[in-house]
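Dropping a structure here in structure tokens format, bear with me for questions.
Each chain carries a letter (A, B, C and D) given by its place in the written order, and its residues are counted from 1.
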Amino acid sequence: MSGLIDFRSDNVATVSPDIMRAIAAANDGTAAAYGDDGISRELNRRLSALFETEVSVFPVATGTAANALGLAALARPWGGIYCHEQAHIHTAEGGATEAYTHGTKLIPLPGINYRLAPETLRTALARVDHGSRNRPQPDAVSITQASEWGTVYRLDEIAAIGDIARNNKIRFHMDGARFANALARLGCTPADMTWRRGVDILSFGATKNGAMSADAIVLFDQTLVEPLSYRLRAAGQTWSKMRFAAAQLMAYVENDLYVHLAGTSNALATRLAQGLNQIAGVSLAAPVEANLLFVNLPQPAIKALAAAGVLFRQRDETIIRLVTRFDGTEAEVDQLLDRVRGVMRGVHA
Amino acid sequence: MSGLIDFRSDNVATVSPDIMRAIAAANDGTAAAYGDDGISRELNRRLSALFETEVSVFPVATGTAANALGLAALARPWGGIYCHEQAHIHTAEGGATEAYTHGTKLIPLPGINYRLAPETLRTALARVDHGSRNRPQPDAVSITQASEWGTVYRLDEIAAIGDIARNNKIRFHMDGARFANALARLGCTPADMTWRRGVDILSFGATKNGAMSADAIVLFDQTLVEPLSYRLRAAGQTWSKMRFAAAQLMAYVENDLYVHLAGTSNALATRLAQGLNQIAGVSLAAPVEANLLFVNLPQPAIKALAAAGVLFRQRDETIIRLVTRFDGTEAEVDQLLDRVRGVMRGVHA
Amino acid sequence: MSGLIDFRSDNVATVSPDIMRAIAAANDGTAAAYGDDGISRELNRRLSALFETEVSVFPVATGTAANALGLAALARPWGGIYCHEQAHIHTAEGGATEAYTHGTKLIPLPGINYRLAPETLRTALARVDHGSRNRPQPDAVSITQASEWGTVYRLDEIAAIGDIARNNKIRFHMDGARFANALARLGCTPADMTWRRGVDILSFGATKNGAMSADAIVLFDQTLVEPLSYRLRAAGQTWSKMRFAAAQLMAYVENDLYVHLAGTSNALATRLAQGLNQIAGVSLAAPVEANLLFVNLPQPAIKALAAAGVLFRQRDETIIRLVTRFDGTEAEVDQLLDRVRGVMRGVHA
Amino acid sequence: MSGLIDFRSDNVATVSPDIMRAIAAANDGTAAAYGDDGISRELNRRLSALFETEVSVFPVATGTAANALGLAALARPWGGIYCHEQAHIHTAEGGATEAYTHGTKLIPLPGINYRLAPETLRTALARVDHGSRNRPQPDAVSITQASEWGTVYRLDEIAAIGDIARNNKIRFHMDGARFANALARLGCTPADMTWRRGVDILSFGATKNGAMSADAIVLFDQTLVEPLSYRLRAAGQTWSKMRFAAAQLMAYVENDLYVHLAGTSNALATRLAQGLNQIAGVSLAAPVEANLLFVNLPQPAIKALAAAGVLFRQRDETIIRLVTRFDGTEAEVDQLLDRVRGVMRGVHA
């Protein structure tokens, strides 16, 4: 057992060679700045085709920018945004949404396996004190697909949330930091997982799945184009050489590359889950539906695993997070399983 | 006379091949996210060596982000930031500084050739109503080097502004969107143009001069590290795959690449200025000290020039802006001069 | 049974005659604006004597302004403020704290009877990911004394929270919208209930207890004077004719008027609680320690009580809130008890 | 020559006895909070009658709150608000508008005697780069009536600005801190000076002209009611005992009290101006059209006048500001003239 193997996160991954080639190819002569170039313009058409409806696409530097600025474009300072209590926007983005919205309240709701049940949202909205100047007025619901716990909303769940949003005249935001992993899992089209189920605005994650430095905000609701574009500019999120971000995103969806990359990491996660399930004393803390695994391990095993050269994130005293990547290999997964078996033998010895 | 020639801006340029190679080389296995990787850490050491003092470096997506977040890290909501009335932060960044600072006032001052004279700043600061809750309290002065008019502050001017800042206990910010062009012009060291003259914080521009998607905030004042790093995170400006931005900046300064690239565009600007000066009816509206040229032309000549396939920005009815680039050529400049001569003949005919 | 009797809130009360006289007396010739007048200056001295330490006092228009601007003066945009999950600042002030702080996160914690247990705070702070740019960094704890549920923190509880705050280098804020009611209940000095137990900043409520249009921010921590005073000005909370607010607050504390007024409303609450406890089918949902009563009633009784001319707030389907006031009377309380008995007879008939 | 005489400002004035009586009369039993009481509701009807159109009225604590929150209700974060370069909102309100709008830019324009000429506004709007994400997009124009220099816009000037606003689809805001002084000067109706000339939103000043602690935002454009009311709540500007503010404003307009009070201070200003004009070596720096006088005096005379017990504000080295008040007297004015004559004799001796 030797050598580091890395299951820390999908954001430690490399850039997909296809995307690297697209970046290099975009470096061809001068081009208009700030998104007026040919590639950036083509990106709108390309994603409109992909999503089977007219969309407006805004590349941004990070998923946090995508979420916070997308939400800021639709929220009122006195508004409320409903989300799961473990949503990344609420727990792990440095207060970006609060900072960009200037007062909009994130309203955390409980939910099994980090998924917001439609009924929970419906109940929360039914209790709203509409028109009260004292309390946040509903503006949006945000779900993370796939969730931060590696679980995936089913299409009927998304549709149910979309219905509630429409009935309550609020917007529906999807944090798709791992959009492709969810899509690969469900085997549906991008349209089926978004606007056909009521989604108005999507953070279309790419960086965790093979891109270099670009995620995108995809608007199905064109009334958000104006507020969003001004907010992006004032946020310093409008690249002058936008074509290099657009090129990444073009390559990302070309021939469904993004689905294939996510399929790889999902398959590695499944392989890893199956292997872990066969090790005595090890159990999965959450369903494995994308590329994230949360694993119950005895504390000594966790220490031993780190000592054995496995890189991972510790979640709490007895749970670790393992993440598979598009650029990972079955050999790595098998090596990890070997090391887990090794440390568990040590624990039980 | 045929074919488009492009003098619109330096942000329409390509990426330097050296920087493209560095990006490709950085794509080598997994690496810690958010700047904990080896290249990002090395960047701090590398720029500390370059600047001959300990600096902290934060790559960001755009020059606007560099300026606005750098200023937000030092400004109080009731503060005032003195700048030239034509400074980019005041006139052309979509209100980014106001948005990120939540109320800090930009205080525009006049100045010949877009340069803020030390005396003008001194007079403005002498008039401050210190302690008044009604009026902005001085927090910083910001200068653009090279300026938006293509002019360059001399070292003694920077020093004088630095002295005034120190005497007034305010910070000194330099918007270095075209830092390298100014440096190449002055032929001094980066240290000489910055902290040795009192600069506390620098927007270290790279994108206009050969980088792809990264500028950097360089802190000489380490007390700004904490507020800046939190603000960057909440702004969605902290890339997960930070190494690709760091790699750009590493290559940018390697063997003084940035000075050489800027030297090329400066030399092309000088060649163009000399050529224009010899054409009857054409005159320069501003000194040419970097890579920007502002040129007085008769209105019919401006129209004719556009019709002749020259891409440029019109400033007002009789002034156009021409920008030379690191990836431009003498042939292009000469071609442009030919076309200008052509349209001027037409005008006078 | 006839005539409306009003138990809606203490903010429907009149102004104490003593305070009205003080307002009238302040209307005597010209006086410097913005707090430079004699009465406003005296206010600082008067409250310093009352609190037995040097304090700085800032009258503001509302309790919401006191809380939100006080907290904004101490919070960083990336900070977190710990409070009870039912704290007024979190649930009922229209997002004022979020709006004024530009991103500071309120971190709600559970607690019996709307009181934050020291142990709960300690545990929450022990889990903080210090230095993480992703998560709020602790800035303050805020408690409401008396609480929104009519309960009162004991001195040892306040001291324990103060110790935790000091040990964690965060500030301690007290929302004293009903400060006097708590003080009257505990029978201690203002100093004992605040800075001697670690409180750094107090929202000193007056409007609910006999003032007309002024609450005050009382600073025990003088380093907050500068940021607070600038923020108040930019918030439009600095009255030009400040003396009329100062005069209200001077009269409010003269001869312990505020304690006497609160003593009256507390005594009425006790009388009401005792009466309610003797009515079959009626029970108190919370301990009655100040002037708020939360009462369990059958739904039909709630409707009947409203029909019988009693003004109150309904909390949920079977709980109503009754509030006694400094200007209430025993006769009113007895009349209310009569009506409750009447409706309960009707329910059981 | 003895005794202080006070010409510092109209905000050092007393409260009109009529308004004091109304406050006392409002202290009659319990009343609903937050503006749901009878007096507050009547206020809307009363001002609708006064303005001869339906208006919505929001009492606030200060003129700064009225301006900044009124403008925040209509402005976009990427918007621009045109105003005179000496407008109070731009120079003397502690950045309140910038703080409440989160980035909206105040765009200062020059103008003789602190009045914004319609032509200047038209020219500025004609130069706007519409749709540019880099530059502020026009949202509003704001004028101060009477101006900070004591001058008054004529009705045709207001109408011309109103036309420009309508043609450019921006809103028209009037800072009426001294609304009554302008009205008394012009001798027109409130409707004539506001919505009939295109004004959409008015800061209706009362405190400088006899009220105690309340100004008001008057909306002619009802679409602003919702955003404004939420913003007021989050700003801590919604008094619980709103009736005491409403009562002040009701009394303020009853029998045109406000016009009579302003008429008094205007007349005193005229008397003072006439007297000053007859003193050799003294001249008026601005037309006297309301209750503000700006007076050129030799520096030694300024010092002597202060030594002689006259309270005033020094504007610059040789200009002082004198303000007359509704509660001032002709005797005081004559006494002031005596002292000015005295010091001028001293200067020339």
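Heads up, the rule we're going with is that contacts are C-beta pairs under 8 Å (C-beta built on N, C-alpha and C of every residue); 3 or more make two chains touch, one makes a residue touch a chain.
Fair warning: this is a prediction, and the values are worked out from it, not measured in the lab.
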Any idea whether C-D or B-C has more C-beta pairs in contact?
C-D
Pick from B-D, B-C or A-C: which interface has over half of its contact pairs in common with A-D?
B-C
Measuring between mean CA coordinates, which chain is farthest from chain D?
A
Which whole number of Å gives the spacing of the CA centres of chain A and chain C?
42
With chain centres defined as C-alpha means, what is the inter-centre distance between chain C and chain D in Å?
34
Suppose each chain is reduced to the average of its Cα coordinates; what separation in Å results between chain B and chain C?
52
I need the residues of chain B touching at least two other chains; which ones are they?
77-78, 93-95, 99, 102-103, 133-134, 230, 233-234, 238
Taking chains as nodes and touches as edges, what kind of graph is this: line, ring, star, complete or other?
complete
Would you tell me which residues of chain A are touching chain B in their complex?
6, 8-9, 11-15, 20, 23-24, 27-33, 60-69, 93-96, 99, 207-208, 212-213, 230, 233-241, 244-245, 325, 327
With touch defined as at the start, can you tell me which chain C residues reach chain B in the complex?
34, 76-78, 102-103, 133-134, 137, 227, 229-234, 238
Write out the stretch or stretches of chain B touching chain D in their complex.
77-78, 91-95, 98-99, 102-105, 133-136
